[in-house]
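Across the two complexes that follow, chain A remains constant while its partner is chain B and subsequently chain C.
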Partner chain A sequence: MTAAPERRPERPALDIEAIRRDFPILQQQVHGQPLAYLDNAATSQKPAAVIEAVSRYYREDNANIHRAVHTLADRATAAYEGAREKVRRFINAGSSREVVFTRGATEAINLVAASFGQRLREGDEILVSHLEHHANIVPWQQLCERTGATLRVIPMTATGELDLADLDGLINERTRLVSVVHVSNVFGTINPVERIVEAAHAREIPVLLDGAQATPHAPVDVQSLGCDFYVFSGHKMYGPTGIGVLYGREALLETMPPYQTGGDMIRTVSFEGTEFNELPFRFEAGTPNIAGAVGLGAAVDYLEGVGLERIAAREQELLAYGTQALESVEGLSIVGTAPRKAAVLSFVVEDMHPGDMGTILDHQGVAVRTGHHCAMPAMQFLGLPGTTRASLAFYNTFEEVDRLVKALAFAREVLG
Partner chain B sequence: MQIEGQDFIAGFVPEALRDREPAPAIVETQERIAAEFEFLGDWAERYKYIVDLGRKLPPFPEEHRTEANRLHGCQSQVWLHTRMHDGRLQIRATSDAAIVSGLIALVLRVYDDHAPEAILVSPPEFIGRIGLASHLSPTRSNGLHAMIQAIRNHALEAIAPG
Partner chain C sequence: MELEAFHQEIILDHKRRPRHFRSLPGATRRVEGNNPLCGDRLTFDIDVRDGRIAAAGFQGEGCALAMASASLMTEAIQGLTVAEARSLFTRVHDLMTGECRGPGGDLGKLEALSGVCGYPARIKCASLAWQALRTALEAPEKREISTELEP
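== the complex of A and B ==
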């Protein structure tokens, strides 16, 4: 081990101690040690403001939305639609008609695969990348099996980046959709999605961006990205589980058939036929996760209160510190070394299985993720059974990074 | 702590074996393991010992390292092969992870080379007793649960009529 890296001063503008007090779950001990929660890419913790918003909704406002004329129904509808407007502003969508609530990013992708996917025919192609989470592979694979379309893959490099050398060859006259990850959950790589959007749009091919790992960490503007679909999950951006978003360009959503059918997504129903509701309700059959949407709206408020720019800056400091600190650990290699990264540190340590490492770290109160991170193709490409992943959020501290490094040294001692 | 081990096998014991007492030899081995672990100090000492046991695991026959023998639902890779010999279930297993290898060594010490009926009526109580009960939880994706379940399934198949 070399000397510990020099610590950068905390930005006075962001009071981390105060921020940590906003997250009740961080105040606990695990195995007798203060919890160092470094698994934020799996799910982030929730500030009290989100927990209270969900609780308050159920205590004070709960009713079904969009239908009844009583007061609670009005309040519940206002809360739900208010959350949609907050999300619209958060991603700078042109209209709230373009913001569809889903269960999460996974359901949003499945929605597009089921609905937009109906236009696919044998011989058509869908282009994904080698860096994708399984959620952006399997729905397309299944769609290809149903339709006879072909799944094509943008290759990756050993540094965990996209290899775009042959992008113009991969996007061709058979391509019907390009669906790529904005920020890699395994490596943290921030992909040059603008370039992909440009190449696809040159052929008038729509692009879906999986933003599950992007929205918690930096401002996202779907209009400046120019994408046609953008999907993300509430729970990874300090909101509740079970709520997520499909952003879809209005003109494109208008051409898409419903995904699920039932109540709330209809205008008129008779036994002769059904007229569907307008956007975005057409894609929200049944009573939605109202409390989840309210919680997501509160998460947006919280993030905007702290400031996405400040969050991004703070996390880049943690990333730089963590990268340097981990590089000092003997036998450790960081997997994923793109120049533009979110605060994700995937790594392997010589002669130490990630599963063993995770167990020993847990006993020291350090929560990391180990395994294939739902991205088996990327792991297979690198010839790794898995990695250990420390994914940092702005509420993490330099001390927690130091504890990770110490815990790794102790894991070496225990595992021999 | 032992309750988890008991719960784990609930419903897995065939009707004909329900009244049988746990096999004395298996119980005794588990007692001995529990006694050994009592001598060990904190969690780190226990894991060091487990890792050490894993290193001494007999080599796994390479021809059995097949996809069919691989157990799923674990973060580490685990291969398990059994065969019946003289009315006893012979068990071989291996893993690419050190802790799981040690757990395999313990499991084999308890169950290897016993009659399938004896295996089925003898729950893995030692796991709770050595302070590793959380390892047995089906949600813990480290392979111990999958391994014990596989051994029990193999034992069930071995006594299945026909």
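== the complex of A and C ==
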């Protein structure tokens, strides 16, 4: 008897109604209308499993970690380190020594700028892109001011993509680090970061990827990306605020001086000197956000339970539907039209200012973001005061997209 | 409260047809106002002569609330003494912030600005023009203001 060829069982399509019941906050009305939460790129909502995990931690396990010998301390330590292991697996890092908990992606970038940045000298260069969030601009700008290094910028195109035509010129013998965004928070563009990593590594220059908008939407594998640093925030991937991750290649982290100093990051302290702890604890001074890490671990469990592939497929359907629906709105132009995108729809409408649109949409129960999206350089490049941005998550529905379109028509009526 | 910030016909009228929407090359004061959160950029020219506002105008781009408020302000301050304009600033500021008393006071057309009081995220839009006025009167050496910096 020959065995049938092995086939992965096909997972059924997502039951969106059931998924929406996992998110308590979605079951409410705003201005008398059911909430349509389309601001997921700013922060995502939290499933009950995450809320419960944080609550359970405080109700049952709370203690300080890595110190006391009592039972609760053991449980808290196990919960915190268990979360680290979940995150390691989630991004396929080689070792949990490479997973440093931070307050978020912003702090992770600041950590690298403060620590790795100490090796920068006058004349060195840091390369970022025109698509960056302020969090991936300002720490490098400050570092350049301190060291006399120069900030160089990969240009962008009118479609919200990176212009890599001169990449080989921008990455040169003076470049010390390349730090670029994986998925644009303004346009949803999925950048060809593999190509950037390859070009930088050809000159042995490390690469940091800002993955804040990537981890919620599709599987991320830091080893196959080949990056040296990868940063992301818990709250954008259905976890709590105030917790995030710096992934760093172990060999590189080993060469980096501490970021903040204090308890937990030391091995021995005397008044003559201090011996620092091993990775990753060396970069986690003080009592960390234990509950946040536990909540992030629960978010990872939740995402894996639903399935990142299914989430990505669902969001691509929403993106295709939303793109078509918005294109039918008179006077509307979608800003950011890359062929590879996450489910982010930034747009402008003739004679309607984003700020006014945001207020009127809110009155229809539709929550969107308006303004510069913490990416003023990209807005300046496009000559826009801002955009309106609908950023979709897998729990959003086609009906919610329809309500956005209807609310835009209403805004036209009010402002027209 | 159903969209009071916009439903005042006066707001929409001034947004569609802003008054005094021009630069005044000879004006004694020019203040560039910037509200980066919303993306409003308006330049105000205020001509103060012999303690009186002889003329006022503005230019630039902004949302309905910023444009309407700027239009209403440039209209309201024409011919006022500096002391009167200061007092008007205080009264309009109180109208847009604080207790949200709603329209019905004695500020005439400017009562329409009371609607923004219920929209904390939008007050900066409507107050941009008035902060520019205050700067022109109190700190004529200042050329720029931003809603993200303490004046």
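We take it that the second predicted complex is superposed on the first by the 404 of 416 C-alpha atoms of A that agree within 3 Å, B and C clash if a C-alpha of one lies under 4 Å from a C-alpha of the other, contacts with A are read in each partner's own complex, and residues count from 1 in each chain.
The working rule: a residue touches a chain if its C-beta (ideal position, glycine included) is under 8 Å from a C-beta of that chain, and two chains touch if they have at least 3 such contacts.
Quantities reported herein were computed from a predicted structural model and do not represent experimental measurements.
Once both complexes are superposed on chain A, the partners chain B and chain C clash.
Of the two partner chains placed around the shared chain by superposition, neither chain B nor chain C is touched by A:N64.
Shared-chain residue A:M376: touches chain C; no touch with chain B. Of the two partner chains, neither chain B nor chain C is touched by A:T323.
When both complexes are overlaid on chain A, the residue A:H353 reaches chain B and chain C alike.
Of the two partner chains placed by superposition, A:T397 touches none, neither chain B nor chain C.
In the superposed model, A:P385 lies in contact with both chain B and chain C. In the superposition on chain A, A:T43 makes contact with neither chain B nor chain C. The interface of chain A with chain B overlaps its interface with chain C at residues 353-356, 358-360, 363, 370-371, 385-386, 414-415. Across the complex, chain C is touched by residues 353-356, 358-360, 363, 370-372, 376, 379, 384-386, 414-415 of chain A.
Residues 2-3, 5-7, 12, 15, 36-41, 61-65, 119, 121-122, 125 of chain C are the ones that touch chain A when the two sit in their complex. Chain A contributes residues 31, 352-356, 358-360, 363, 370-371, 385-386, 410, 413-416 to its touches with chain B in the complex.
Taken together, the chain B residues at the contact with chain A in this complex read 43-44, 47-48, 51-52, 55, 74-77, 96-100, 141-142.
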